[in-house]
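First chain written, first letter: the chains are A, B, C and D, and each begins at residue 1.
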Amino acid sequence: MNQPDLSVEIGGISLKNPVMSASGCYGYGKEYGAFYDVEKLGALVVKGTTLEPREGNPPPRIVETAAGILNSVGLQNPGVEYFINEEIRTFSGSSIPLIVNIAGNLEEEYIRLAEKLDPVKEVSGLEVNISCPNVKKGGMAFGTDVECAHRLVKGVRAVTSKPLIVKLSPNVTDITGVALAAQEAGADALSLINTLLGMAIDIHSRKPVLGNVLGGLSGPAVKPVALRMVWQVSEKVRIPVVGMGGIMTAEDALEFIMAGASAVAVGTANFINPLAIPDIIEGIAGYMIENNIREFKELIGAARKGA
Amino acid sequence: MNQPDLSVEIGGISLKNPVMSASGCYGYGKEYGAFYDVEKLGALVVKGTTLEPREGNPPPRIVETAAGILNSVGLQNPGVEYFINEEIRTFSGSSIPLIVNIAGNLEEEYIRLAEKLDPVKEVSGLEVNISCPNVKKGGMAFGTDVECAHRLVKGVRAVTSKPLIVKLSPNVTDITGVALAAQEAGADALSLINTLLGMAIDIHSRKPVLGNVLGGLSGPAVKPVALRMVWQVSEKVRIPVVGMGGIMTAEDALEFIMAGASAVAVGTANFINPLAIPDIIEGIAGYMIENNIREFKELIGAARKGA
Amino acid sequence: MLFSSKSEIVQHQKKGPALFRIDLHAPEICGEARPGQFVHLKVEERGYHPLLRRPFSIYDLDRQEGVLSITYKVVGLGTEILSQKRQGETLEIMGPLGRPFTQWKEDQKIIMVAGGVGYAPLNFLARELLGRNIKLEVLLGARKEEELVGEEDLKAMGIAPEIAVEEGPRGFAGRVTELLKRKLEEESFHRLYSCGPCSMLKEVTRISREKSLKGEVSLESIMACGVGACLGCAFPVNEGSSESKLEVSIGESSGPKTSYQRVCVEGPTFSLEEVF
Amino acid sequence: MLFSSKSEIVQHQKKGPALFRIDLHAPEICGEARPGQFVHLKVEERGYHPLLRRPFSIYDLDRQEGVLSITYKVVGLGTEILSQKRQGETLEIMGPLGRPFTQWKEDQKIIMVAGGVGYAPLNFLARELLGRNIKLEVLLGARKEEELVGEEDLKAMGIAPEIAVEEGPRGFAGRVTELLKRKLEEESFHRLYSCGPCSMLKEVTRISREKSLKGEVSLESIMACGVGACLGCAFPVNEGSSESKLEVSIGESSGPKTSYQRVCVEGPTFSLEEVF
């Protein structure tokens, strides 16, 4: 069998394969460029970008847990102006889609971000991180309230023609409600899951381990929850879903795809295996060859077929 | 230093130490009685009991995930009548508190269960599992809606004078809301967390692994999430909190206690180490001796003190 | 009290491409163990990967030496880790667990049917039956020749098993159930014992019922606790045929009424009437 | 391209009660590595416990043989697992990572201060400095005598380090920082290099500043990626003193303005002006 066709379209963005970097875990792509050609990715999702520069949270920012890590990086980033003026250059020669993850504490921040990024031709799409605390709503995340999420996405939709991928928070009672609200408000695709809120305590110092007390859980530990949410959401929506949360291997990625994801993103795995993304792309191709599957699309939602 | 004082009171139930069995993971206590004297426990929490017998879900019911397990046992149990008529005898000579976990799909089922168990003198308290699907509310769990939870607990409260421990579901946006509702409705204590909803897919058969598709995630993987919820809830409520979720060792138990739990429950750990509970009790005592702590109560919420 | 502690590996032998035998020093378990029972092993001493223990049938026992043997096939992470343990290392072991095979005084002629490593519990049983001077015939099946388990040990006990290898070239070229069928056309037995893959056991049960041959099978299931506490290992068992108190009938099932029983307590041994 | 692959353990020696040295065959890394850089090791080949890699300074290099050494102390699960690896086994290693120590042509007389296993990056640096015929004085400190690292290797290079052991009885009975203070009263140096626990480095920085002694320290931090992609290893660095583009000033901090910098990329080497 020839090299199988791994291409897929996510909300109007054409990917040559379904594996992207997860925001915040891949810097601006340069770091892993030291290990392999980043053009191998299906798409490059860069880290959370805010309107103003953010210093991030005090250390320690990382603590390991059983098969997972908690992080409290806190959106440290140099701000959207710096991104547009300085970082963007490095992408001018790139042939793969560049997706910018945007975040804020106010609706207006998201809208300003989308306005600023709309004319930037190197940017193929925006990933709207709605897990951020909504300052006006007393700090509950935008993504935990159906109405907030709807208004936020609608606001962003109004100011940009770029494809919008709305990134959902798993810290909710009913993720399908938020998913449907985002779809209705004009999202072209959904990505899930962001990190699960968690914490760890040092029993010797009798204090929380993280400088910021709470952190976001990622890695293999969260995979069953992420997979369940992808399963539930992809059953309800008609827009494509990008699955993530604990994907370490091609087998993990295939689980998400069979659950209904049209593409996947890889975060924490990069830290353990810097070649995780190319390994996963190769592994998916290998599975297709072994199982005589010509088109990647045949696999999307394969586990739902009988269900 | 002498043997430290491990005693604590949970909603009017006096425990000689703060370590209980987690419901559904310890049968009716007999199984682990083959390894050690079950009277060592702080309290014995028996498995989920329903009004009518339940057959449970089709196999496979267990699948391992990274540092966790998914289970879809589905409340298999012989029903409350059988429990009262047959099982209860084995507890008549017991000196440790017996707590019965009750579950149902209708509010009335919980109330009938509480009524039937109220006169049973061997029963020291009820743990109200509000993670069950509320049939009248379209299948969303009682524990995911503040009003449902409040009404349910109030209803149960009205028919029994036994201490009520309300067991919270982690599959919610804001667990403190449900916790406060349960407290207001008359709960004497809270226990958390129940399992996180998850799933796994077999990429070879291209089907969900569990017979029931979805299952509940438990074990070390969920500990950071459980700990965060215990931290958040114990900050808000004035009734005691029983912490659980991934406790494998005394160190894990101490994290929950320092986060604010007055007692802990141990579930999945029993499956891996049948001596987990006595080991944890001993480990807590050892920590207290090492750190010159006379009374267990000094440790409750220790990590909050500075926070 | 059930035993749960560390046991030393006194011998670890490779028996085939993916087949191993471990001998463990576990006198506490040896004393009580009966054929058909199993032990629950912790293969990873540190960390949670894999998290759960792994069940293995007792393959053989040396009560005098206090040595218990298991024979296992490498199929996944747990058995892979197990296969790398060395002599002198220790393993956490609990047991003996589960319901043993029933042995009837009146039985004189017995047939055993094993699929691959499913021979494991039958080896210990065979040794006991032979000690009772019972006439024993054993059918061993496998897909490939190298997956056959038990031939050597049976021969050492003076039994020449009949072999069925699906992919040939040795013995009968086909399924062991086909061999069983032919056998039962020619001869009759007082009892059948069988263990192997689920699909094989189903067929063995069907064939035995046709011939009104009674017997027992040993089932497998994914287990968490191994001691009856979690209800994770449930298997649908025909009602009325067992004595468990946990019986709750399964409403939707067609065919005979069944209830979920625990493979780790009510099983792994079930009578032919109870299953499928 | 950065190197990330399996390397064979060519030697694994116990150097003290909880101290080990591993020599790895990693010619690809040896070629480029500079003193002060580190490697990121995967200690568990299967499973996710621990999940993350572990960073270790390059202790020594044999470019000819392509052998890279690290010296480490067992402090937790990862180093415990590492300590059980045997010669001939392989380890996933990536590197060389991080900013090396800066070496100034004009330096003639240099002082090094090490706390315990913090000596690790200084050993490789010492070898290079001595190759340049620089006069080198080394202060080694530890709480207990058995925690001292480097004495033997320094002696082999012809350096007699001064020793400070807090709990005695060898050498100076107190902190190595006290030894440093006394030393700087008597002598002057062109440069200081230091590595050890955070509290020690803070004191070293304070003392050096008092004496207007310039130099560099090597910091530690919990790391996830090790390559600058996650921002997990951030450390507050004084502004204006570094050239990183990622600088975002930390508003709330009192004292000089600081920004969070990545220990794995902007560090682990920082100048004495940049830190604390």
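The working rule: a residue touches a chain if its C-beta (ideal position, glycine included) is under 8 Å from a C-beta of that chain, and two chains touch if they have at least 3 such contacts.
Just so it is clear, the model here is predicted, and its values are computed rather than measured.
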Touching both chain B and chain D, which chains are there? A, C
In terms of mean CA position, the chain most removed from chain C is D
Chain centres from averaged Cα atoms put chain B and chain C apart, in whole Å, by 35
Chain A-chain B separation of Cα centroids, rounded to whole Å: 34
Indicate the whole-number Å distance between the mean C-alpha point of chain A and the mean C-alpha point of chain C. 47
Shared-contact residues (touching 2 or more other chains) in chain C: 48-50
Could you check chain A for residues that touch two or more other chains and list them? 66-68, 219-221
In graph terms, with chains as vertices and touches as edges, which category applies: line, ring, star, complete, or other? complete
Residue ranges of chain A touching chain D (in the complex, touch as defined): 24-27, 31-32, 34-36, 47, 53-56, 58-64, 66-69, 71, 73, 76-79, 82, 86, 219-221, 248, 268, 270-275
Parts of chain C lying in touch with chain D, wherever the complex brings them together: 44, 46-50, 77, 80-81
Show me the residue ranges of chain C that touch chain B in the complex, using the header's touch definition. 1-2, 4, 42, 48-53, 92, 94, 221-236, 245-251, 259-260
Mind listing the chain A positions that touch chain C in their complex? 66-67
State the interface residues of chain A toward chain B in the complex, per the touch definition above. 65-68, 70, 140, 144-145, 171-174, 196-201, 203, 206-208, 213-215, 217, 219-225, 227-228, 231, 246, 251, 254-255, 258-259, 287, 302-303, 305-307
